[in-house]
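There are two complexes below, and they share subunit A, which is joined by subunit B in the first and by subunit C in the second.
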Partner chain A sequence: MSLDKLKQIITDVLKDVDVVIGYKQGFDALHATPCFVTKPEQVDEIIWSPLCVQNLAGYLTSLKKKVGIVVKGCDSRTIVQYMQEGLIDRNKVVVIGIPCTGILSVKKVLEKVKHEPVEEVTFGNDGTVIVKTPSGDTKMALSEVAPDKCETCLYPTPVVYDHLADEPIASTKDPQNVFKDVEEFNKKSLEEKKKYWEKEFDRCIRCYACRNACPMCVCQDSCIAETRDPHWISQRSNLTEKMMFHMIHALHLAGRCVECGECERVCPMGIPVNKLKKKINSDMKALFGYEPGVKPEDKPPMLTFSVEEKNIEEHKL
Partner chain B sequence: MSEVDPKELRIVGFLCNWCSYGGADTAGVSRFKQPTDLRIIRVPCSGRVDPLFIIKALINGADGVLVSGCHPRDCHYSDGNFYARRRLEMLKRLLPFLGIDDKRFHYTWISASEGQRWQKTVTDFTSQIHRLGPLHSGKEAQP
Partner chain C sequence: MADTGFIPKEKWGAFIEGLSAKAQVWVPCLEEDIVIFRPYSKERVICFDRPANTPPKGVIFPQSDTLFSFAFTKDPENPQKVMVELEEKLDFPKTIIIGSRPCDAKGFLIYDRPYTQTDTPDPYYKGRREQTTIITMSCQSPSPGCFCTAVGGGPADKVGSDILITEVNTGYFIEAITEKGKEILQQSGAENGSSHEAEARKKQEEVHSRVQDRFCADGKPKISRDLFENDDFWQEELAKCVSCGACTYLCPTCYCFNITDEKTFEKGERIRSWDGCMYTHFTLEASGHNPRPTKYQRFKNRVGHKFIFYPEKYDGVIACCGCGRCIRYCPMSVDISEVVSKLQKQTGSASNGK
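Let's look at the complex of A and B:
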């Protein structure tokens, strides 16, 4: 995708909005960081590459101004979900969509280069990336360092946009495979699954980064993980409380999670936080045929009901 | 929770004030014999039951959780149990993913006149939990 076209769109959009949110180079070659463009001369800072991993749409609910926003396909689902829940005024948001060919996971790249300081990152046209560190160049395929969400991405082109920075791309992924990993995991024995979660959640340091990064966690200061009234969880650092925190996070996102993967990306302990939400999403699909963040006119299944539920049968003892 | 007979398990029941709580009362007034493992928490409506109540109970020491409300279309608040049905079904499917047997959680609909049905539900559910045994083995779960 041509960066010049993106910059041109941003320059045009900036005329009618207060701020455009895009990406700029971060503190080193491997990191991009959000960029808030308010003046035309800042447009030159804008970058676009598979390093632009953040979901910028998360800023929308807290900004009262008129905003232009750069989104990838996955991020655009956040905007659709906001529209479904009435959390943003669509007239105040100008969506600049980027058809995305896949991003990379900074964690996976750092693992490959053994956490050495990264001096330069160059992308080849053949889907490879060359990472330069003091001990030499490492060449890797973009697909080996892609985050898990890219492997099953069905929406590389944004589902909602006002301007599109390039030609739309169709997904090459099979919709049948989206929930394969959770189905596979669910086949394990109860004991195995329990052990797995105990091990994973025990590492949690309760930094709440997953909640803070989550675009759908919109309770802000009223999050029941921190309120004293009601006092859902204590400050104790034990497995029960950690588990309870993750349950609050997962269940409050039931049928709302757009699987942008921000929770997993920011987790300093590498806990697969997104897995629970993905499982709930697979049930939402099976029970209500609902997929979060795809059609603006849909209603999240937990916020509505039907008198006769087609797929829910009464349970017998 | 207080000290209990070691043979007894801890089952928490969330009952809607208008139907199931009345049903349990009917069963009591009619002197139907019921197991004593269940502790009832009266809620205004099954729609008041947050799935987190059930998770919290299960990970903090309960061996089973029962939720009961008015029959669909009979809700005192007209649609509370419809919302509850969706949420509880979602939870029921999530529990095995976490490694908790979904037989430890049951939701059903019982009206105020169905004392007999209440007795049967409690008896069957309690024996189901007894077959599964305690969820938290050994050390006391933390309060």
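Let's look at the complex of A and C:
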């Protein structure tokens, strides 16, 4: 994709909005960071590459201004979900879509380069990445260091946009494989699953990065994880409380999670929290045939009800 | 008695095992691709290759700590009279932390001033602190985002540690710094270290030269109060923050806490748990008023505490050890070193941070 074209779009959009949110280079060669452009001269800082991992759409609900926003295909589902739930005024958002060929997972790259500081990252046209550290260059395929969500991505081109920075790309992934990892995990026995999650959640430090980075966690400052009334979770740092928080987080996202994977990406303790949300999404798909954040006119199943649900048997007892 | 020693690589495991017979030993362990301090056992996969994701602060200042338990009992003769029984536990086991980094060790010194060097020392912190010996590993390489030299530290800084260990080609060079450290060294059966000292010093200097000086050559950054008080600056710098607590919980020097009573009908416990100034609830008052309602005001306070208020109170000591965790693990890559750097450059100016 041409960066010049993206910069031109941002320059044009900036004339009609208060701020455009895109990406700029972060503290080292491996990290991009959100860039809030309010003046034309800031447009030069804008970058686009597989380093642009953050889901910027999450900022939309907290901004009262007119906003231009750069989104990848996956991020765009957040905007559609916001529209379905009435959480944003679409007239105040200008969506700049980027057809995306995949991003990288910082954690996977760091694991490969043994957590050394990264001095330079080069992306080849053939889908390779060369990561330079003090110990030398490491060459890897982008596909081996991509986050899991890219492996099953059905929407490389944003599902909603006002401007598109490049020609649309069609997904090459099989829709039947989207929940393959969930099905695989489901084969474990209940005891095995319990053990798995106990081990993972034991590392949780309750920093709430997963919650605060989640674009659909709209309760934020009123989250029941911290309220004293109701007092559902104590401040004890034990497995029970940690699990309880994560279960509530997951269930509050039933039929709402757009699978952007931010919760898992931001976890400083490497807990695969997105797995829970994906499992619930697979159930929502089976029960209601619903996929979050795809069509603006859809109604999220938890925001409505039918007296007789087609796939739920309990009323027919 | 020599204050240095040497343990060859093949005896390193036995050294840790030996210590674990004398005290509860905490070591950085690899779980998935995360390094986390855990109580030592033979089954653990110990990892000294890089700083742990979380500092060892929880060993001395647990994420949640029971201050005391309480129980209410009604007087059967006089039902209106309720008696309260309190029970506190103040005996702490001998503890050794192995594999903290110089920045982690320095973190405890930041804790010490408000928690022990006051007229009313905190018995829980003080108790654990006195029982704990800190064995630090000097860094073999800088980590992404770290900047210890800019805040007066270094990858082989001895301040705050009882022992400093530097990995050399064939083993580990040991320097005992405090009396506690000397005692451990003496009992460890370590070889004479003098023949390895030159190699260790060379390595320490080499790593020191590789740490990025992100904003301050003399290690004493000075912040412009004018710019610090300029809210536009903070609003602009912090627009991307999501106001989670990763930076505070991963920080070796962040020492704020919350106190809650976790109870059922007739009994409960008073808990002290970590709290973080980036949460909106942190300053929420009972009236509903919140003096720091926005994320940029909260981050302003975080930077202010570390670089202005704490130094003002404690002889110019900066309450940041430069470990870089808040940068490395920030969901949005908010970079405190970049912010402090900008605050320095504008000394004496009231412009809005451009």
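Following the convention adopted for this analysis, the second predicted complex is superposed on the first by the 314 of 317 C-alpha atoms of A that agree within 3 Å, B and C clash if a C-alpha of one lies under 4 Å from a C-alpha of the other, contacts with A are read in each partner's own complex, and residues count from 1 in each chain.
In this text, a contact is a pair of C-beta atoms (placed from the backbone, for glycine too) under 8 Å apart; a residue touches a chain by one contact, two chains touch by 3 or more.
Quick caveat, the model's predicted, so the values are computed rather than measured.
Visitor: Which partner chains sit in contact with A:248 here, subunit B, subunit C, both or neither? Use first/second/both/neither.
Guide: first
Visitor: Identify the partner contact of A:203: answer first if only subunit B is touched, second if only subunit C is, both if each is, neither if none is.
Guide: So A:203 only meets subunit C here.
Visitor: For A:212 in the superposed arrangement: first (subunit B), second (subunit C), both or neither?
Guide: second
Visitor: Output check: A:151 vs subunit B and subunit C. Expected answer is one of first, second, both, neither. What do you get?
Guide: In the superposition, A:151 touches no partner, neither subunit B nor subunit C.
Visitor: So, does A:85 touch the first partner subunit B, the second partner subunit C, both, or neither?
Guide: Neither partner.
Visitor: Thinking of the overlay built on chain A, is A:301 touched by subunit B (first), by subunit C (second), by both, or by neither?
Guide: first
Visitor: I'd like to know which partner A:190 touches here: subunit B for first, subunit C for second, both or neither.
Guide: first
Visitor: A:232 contacts which: subunit B (first), subunit C (second), both, neither?
Guide: In the superposition, A:232 touches subunit B alone.
Visitor: What is the contact status of A:181 with respect to subunit B (first) and subunit C (second): first, second, both, or neither?
Guide: Neither partner.
Visitor: Under the contact rule defined above, give the subunit A residues that sit at the interface with subunit B and also at the interface with subunit C.
Guide: Correct list for subunit A: 236, 238.
Visitor: Help me check something: in the complex, which residues belonging to subunit A touch subunit B?
Guide: Its residues touching subunit B are 182, 185-186, 190-197, 232, 236, 238, 240, 243-244, 247-248, 250-251, 254-255, 276, 279-280, 283-284, 287-288, 301-302, 305-307, 309, 312, 314-315, 317.
Visitor: Spell out the residues on subunit A that touch subunit C in their complex, using ranges where they run on.
Guide: 19, 26-28, 30-34, 36, 54, 58-59, 107, 110-111, 114-118, 134, 199, 203, 205-209, 211-213, 220-221, 226, 228, 234-238, 262, 265-266, 268-270
Visitor: Would you pull the subunit B residues touching subunit A in the complex into a rising list?
Guide: Touch residues, subunit B against subunit A: 50-52, 55-56, 59-60, 72-73, 79, 82-83, 85-87, 89-94, 96-101, 106-109, 121, 124-125, 128, 141-142.
Visitor: For subunit C, which residues are in contact with subunit A within the complex?
Guide: 31-34, 36, 49-50, 53-54, 62-64, 141-145, 210, 236, 239-240, 242-246, 248-250, 258, 260, 262, 271, 273-274, 276, 279-281, 325, 327, 329, 331-335, 337-338
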